[in-house]
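Next come two complexes, and both contain subunit A; in the first it sits with subunit B, in the second with subunit C.
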Partner chain A sequence: MRKVWAIVRLTIAESIRTRVAIAFVLLLAGVMVLLISTASGDGTVAGKIQMFMSYSMGLTYFLLALLVIFLACRTLDQDIQSQRIDSLASKPLARWQLLLGRWLGIVLLALFLFILSMGTTYTMVRLYARSAKEKTQDKFKIDNQILVARRGFMPPLPDVSGQVEKRIAELKAQGNMPQNRGYTDVQKMIGDELIRQTRTVNPRQQGIWVFKGLPKPQQGEVVLTLRYKYEPSITTTRDKESNLRGDTIYGQWIIGRREAKNVYITSPMEKPYRTLQELNIPINAIDPDGSLTIAFINGDPREVAVHFPPQDGIEILVHEGTFEPNFIRTAIIIFSAIVFLTTLALACGTFLSFPIASLVALSAFFVGIGGNFLYEAMGKFGDETVLNTFVRVIGGLLSGKDVLNNCERLISLISLQIIPVLDASVFTSKLIDGRIIDWNDVAGQFGNLVILKAGVLAIFAIFVFSRRELGKITV
Partner chain B sequence: MMSTTTKKILAFVLAISLLTGGFSLVGQLNESRRSLGLTMLELPAQARPDLLTSVLFSVGRALAVDYLWIGLQKMQEDGRYFDANQRSEWICQLQPHFTSVWIFQAWNMSYNISVAMTSGADRWRWVKNGYELLRDRGIPLNPKAIGMYQQLAWIFHHKIGAMSDDYHWYYKIQLARAMEDIIGWPDAKYDVIVKAPETWEKLVADPRMAEFVEKIREFKIDPQEKYLYLLSHRGEFGQKVIALLDNPGYAHEKDMLEGFLRADRLRREWKMDAKIIGELRKDDMYGPLDFRTPEAHAVYWSYAGFKAVGADTSFEALNTDRVIYGSLQELTRRGRFVITAEEMPLISPDIRFIPVLHRIYLSLGKKWAAAEKIPWDGTAGETFKDGHINYMKKAIGLYYQYGREDLAKKYWDMMLKLYPYAEKNDGLEAFVRRYVREDIKSMGLTDVNSTVVMFLGQAYQRYAMGDDYSALAMERWAKTIYDSYMQGQEGKNETGRMNMAPWKDLKNYAIKMSLQSLPENLRERLRTRLNLPPEKK
Partner chain C sequence: MSLSQRQTVIETVSLTKTFKDFWGRNKVRAVCDLNLQIHKGEVFGLLGPNGSGKTTTIKILLGLLYPTSGRARIFEKSPTNVEVKSRIGYLPEETRLYQFLDSLETLDFYGRIFNLEKSERDKRTEALVDMVGLGPAASRPVGQYSKGMARRIGLAQSLINDPDLLILDEPTSGLDPIGTRQIKDLLIELKKRGKTILLSSHLLADVEDVCDRVAIMYGGKLLCCGPIEELLAQQDMTQILTENLQADQLSKLGQYLEHELGCKVISVGSPRDRLERFFLRMVQQAQSQMGTSGALAGGKVSEFLRGSGEADTGKALLQKLMAEEELSPESRQVAQDISKPQPQTVQRDVLEQLVTEQKAEPELPQSPLPDPTRREPLKQEQIDRNLLDGLTKHDRPNGSGG
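Showing the complex of A and B:
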């Protein structure tokens, strides 16, 4: 291990000597100062905290990712170009030890900078939070919706499998089964429609949902949040929707059972649709057995059926933990991506020259950070699964139709399947919304990025580097 | 033969001379470009380094705009607004001369994001973000885009001025409070604001003013920072300071300094020009605009747009005209605006705007006839005639209710002369009754009842405030509606199910409601004036 540590020290010393690390520290410090001086958010302290956290964590990740890619791609190339590798190779140092030392050096340097930046972020967030006036809505939001860890609960989706099978049997009996769709597709289509009906509230009707397994009621301040988003149902005609003044719908919420003491009833509210709304309610609305009944009364006078999309239509957020552990867990997840990128870049550096290795690693990084967006934009074909999409694209290629387009999609699909999603904003968004990122998330990301993907890359890198002819010029 | 070195020196000197000459002409050339209207915008003080992004991103700008726009849309769908203001500004800065983008983003903040908020303060902040984006950033970069002025005016006229938003009273109160602090209230200082010089240098160029300012400084009071505070908090300063303020020898200087400081705040905080306000408030322009009301701001920005653009007959210009007359209509209906100590808004019509808007309608008729190259027939023209007729009917009704039968008669005659087909010529009295009846025709019993009670309530509130003239008008209005409704029920309603309560009962109910809603001092006053027993403590 002493040999590895020697390489680690060498790597860090090189980074400092070549002023690359210093340049990045200065850049990071500059970004922090700029953010601190300009972050204003929406004019509230809560907004300022959210904006500052979002940008400081996002930019730290971005800059550190560039730093590790640059260092990792450059280090082996420099060793070979400067022929320093010859002196290292002649020493009793295995090539895997050299790789491990380089990797560890870069990771430790990045970790130091990361801790520095996250520490500044945390300190500033706490300072901003302290500047909010007591007993204001702003302060309430900071304490109950941002600097907390809340778990989201969705109403359970009903089991409609029996109804689906019944409906399919009816369709078959009537000879009305869609000819151009597979059995699974029809099953899914009918299932979705039945679930959609359970999430739709007709005019002058009420929709009731029961949440189970919520934390037991507690005393004290409001710590329960109902997040909802509705929209005119799919059956709403265009003319009818155009009548909805200001894209709003009237409705009223009843939280808790009507007959219970702790029922909470809102006044009828006109709220914009297709926009998430939050409603703070007393936590004692939860029944002693951990269940919570909520009802929505569709009071819109324009006779519009209201639909709550299954993915984000109704959600209850319950306080579960504090901000600090959540912040640390988010930081671990972000740093896992940095570790993955270091490994990827180093692996590229084992068989490619610095410019090409950087290009490959940077391309992978950009595909990774745009992963979610790209997947939605290019990778998916409607509701099809990835496998079905893949089969369809291959089929298209084999039939010789629309070759260019199918090639493009195939490359996108493969890239998106191989390159993990490296978009840190998925987690920072949760953090700044006060949503919990639990240890399962951390284990999942760490396992996927560091153990699995970085592990495979490391084995590949060691395999390639151990067999590489060091005297040979690479391009 | 000249040596190479000499040639180089001469070339260098020549280059320097030409460059110096060129630079010295830049100012003059820019001035000419400005005066001849050859430049899109004056090199603005507002041009910040971040505007360079549009140049720096010349290759990837479309991508950056797409990224920001999609992100904004997504954030909005997710109910996360903390970054919306910044992103909107970036989107606009990346395409600074694409006016539709500024208009959309301002509208999005003022209309879409604001209604997603749950408190008045939060909503007001987003409404403000919207109009400030246009006013502070968009218009300075696109001073000739009438559409931007129109949208800005529309936000004031409709979002703040109309009653469609649940929190419209909150907006109106916030705007009024902010303006009261600047223009002065209850004695608005328009006269001195308008007369004040534009710059501090011009102000203190007058030796008497310089002397007055120096005397203030002798008390260690910074006149630019503290003078307005000093005027409103005289008691906090010593006798000598008060003596200086009360010195009749400095009365003019005192007014000028106050006017300058107020105009300066208008310029800095609201980007409004006191001189334009002066122009607008003239009798032959838009009359006694009260800049605590959103409608006055709407008129200001519409007018500022026309002033910047000049004669414009585009569709956007037509819409801008519509904002002007729409705002003046609202001022006629409820232009008098008072906020009680309990933050309760009280509104009432302001009939001073009737002749103003009548004149505006006719001038619009003339303007658009000229634009369409058709002879002007002396009316508001095809586009505006229906609005004008309806407005004149409203005006006649209001004058009548305010006890100004002479003016009601004058407008009645005028309406029949301009638009003989507007009404049956069977006399003013008959018209008023018919007008009221038609107005309430579509109302059910509940609507009529609440309208009558509302007018009676207004009457007693004004009676409590000592506005007897207007209180009487309100009571007459209530009685006219009541009588019209009851006449309409004759022969139709034998069981009496649809009858209203007796007039006397309605009045008693309105008194009771007024006593519940008025602040304590006004309650006592109303009790005294109506000979009611004092309130039980």
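Showing the complex of A and C:
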């Protein structure tokens, strides 16, 4: 291990003495100062905290990703091009030890810088939080909706499979099954529509949802949050008669069962639609069996139906932990992506020159950042898998039909399987919303990025580098 | 023990290396069907003009390049074997080190790669820095060194593990004559300890001074290989060295040789001192009178490399004794010959004087005693050799392979 540590020390010393790391620290410090002096959010301290956290963590991740890609792509290529590798590789140092040392050196350097940056972010967040005035709505929001770890509960989706099959049978009998859609596609479309109907509250009616499995009320926990977002069936305009503004919906919430002791009914409220709203409710609205009933009464006089989207239309957020562990878990997830990028860049550097290796690694990084967008686009693929698309490509090659189209889809599917989602904003958004990022999330990201994908890349890198001729000869 | 019975340290069998272009087409055959055997305790010279395949051969022997066909073995193992590399010291043709490290850090780093304990690393690092004369510049980053200074630290790094096999590619390139002389002294010390040395050089005089056997390569092929005395001996001529003769004595001798013995006298003249020795004397004088901000002349060969002195504790002493035990009669004979009061030994004394900065003697140092076993080259040969050295050195482009 002494040999590996020698390479680790060399890598860190190189980064510092060639001033690459120092340039990064200065850049990051400049960005932090800029954020501190300019971040204002929505004018509240809570908004300022959310904006500062979002930008500082996002920029730290982005800059650090660029740094590790640069260092990892450059290190081997520079050794080989300058022929320093001759002295090194003629010593009793296995190629894998050289790779491991380089990798570990960059990862440790990145870890140090990451801790420095995240430490600054945390300190600033705490200083901002302290600056909020006590007993204000702002302070309440900071303490109960941002600097907390809350778990979200959705109402269970109704089982509509029976209705779907019945409807498909009817369509078949009528000969109205769409010809250009697969069976699975039609099934999904009908199912989505039926679920949508269960989330729609018509004028002067109420929608009732029962949440199950909520934590039983305990002493000290006082607040639950109902988070909701609704969409109108038609665009509402200003109503002079009822004195309602445009782009709003008028309704009322009933928390708890009507027949239970602890039932809370809000005043009728006018709230803008298509924006997230939060409503604090007492914890004792939860029944002893861990269920909670919530009803929305559509009292809008403008004859508008209200729809709650299944993804984020209605949710109960329960306080489950504190901010600090949540912050640390988010940091681990972000750093897992940094470790993956280091491995990817180093693997590219084992067989590509610095410019090409960095181009490949940067491309993968930017595709990975947009990974969520790609996964959403994946919906277009429906029931297609790599295997059945491959079969279609073969079939296309034999019949000469749709070859290009199928190849394109196959490449897209494989790319989506290989390139992991590197979009850290998924997790930072959760953090600044005060949502819990639990250890399962950490294990999932760490396992996928570091153990699985970086592991495969590391094996590939060792295989390639061990077989590469390192000596350079002018002939 | 005959040469063939001694342990083979380096062996190549039909070694061939062809470089290909991007499309896989053969571009250059750098080494072609090379068969070499280098034995334990030998100093072996690999000679050849630019592009003859010397550096390619060395890089194959170090596992930095892979042969296209044939095979290479070092200590009877593959050159890619990691463990075997712990017995090798290598000085590349161009000294490329980590420019942000200073001398001490550089040697400490390579010491770590050889798994040396800290105390041993510190001891060797200090000794080697002193030996190569970089003590005053030890804390400066290597990137600020002149070519010669970088060469010295490059040499030091190749010796950090006290290697059994030392591979030196153009070791004297960029060095001043003092450094060059010191490398020769070092090689002689290492040879005494039974170390094996593979030396690639353009400077024929350097090779001639220290090598037991040489191989000459051209166009990747081996032209000839053998003991240096055999290759250089001119069997049809005889040289007689005497004290200075007067003109009439010379005339009588010439007549006697021609008339009585029937031998034709080809050339008569006074033996000339070698420029290297003359240069060293001049520098010795200068150094005793003024200082320098550059590299010093360098110290004695480190104790751990000589296998004696303070480093001879316990295991080191045992290793030294064992190493000398293992010397074959032939190599012992060579070692004894070298240890006689020869020019090299005298020059070591000169070097030591330079380092210790003794006051200059009032008169010039005595000329080294002529070695009766050594053939002084004839005037014409000197001219030819100097011309050859000059041509080969002058023509060498930067960074080109050998």
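The rule is short, and it goes like this: the second predicted complex is superposed on the first by the 404 of 475 C-alpha atoms of A that agree within 3 Å, B and C clash if a C-alpha of one lies under 4 Å from a C-alpha of the other, contacts with A are read in each partner's own complex, and residues count from 1 in each chain.
Note that in this section a residue touches a chain if its C-beta (ideal position, glycine included) is under 8 Å from a C-beta of that chain, and two chains touch if they have at least 3 such contacts.
None of the values given here were measured: they were computed from a predicted structure.
Legend: residue contacts after superposition of the two complexes on their common chain; A:261 is shown touching neither subunit B nor subunit C. By the touch criterion defined above, A:229 reaches subunit B but does not reach subunit C.
By the touch criterion defined above, A:40 reaches subunit B but does not reach subunit C. Contacts of A:135 after superposition on the shared chain: neither subunit B nor subunit C is touched.
Of the two partner chains placed by superposition, only subunit B is touched by A:50; subunit C is not.
In the overlay built on the shared chain, the residue A:272 is in contact with subunit B alone; subunit C does not reach it.
Residue overlap on subunit A between its contacts with subunit B in one complex and with subunit C in the other: absent.
Across the complex, subunit C meets subunit A through its residues 19, 27-28, 30, 51, 55-56, 59, 62-66, 82-83, 85-86, 88, 90, 92, 94, 96-98, 100-101, 105, 109-110, 112-115, 154, 157, 399-401. Contact residues on subunit A toward subunit B in their complex (touch as defined above): 40-44, 46-48, 50-51, 54, 137, 227, 229, 245-248, 270-272, 274-279, 312, 373, 429, 432-433. Every residue of subunit A that touches subunit C in the complex is listed here, in rising order: 2-3, 5-6, 9-10, 13-14, 17-18, 82-94, 469-471, 473-475.
Residues 70, 76-86, 111-112, 115-116, 118-119, 121-122, 125-126, 129, 164, 166 of subunit B are the ones that touch subunit A when the two sit in their complex.
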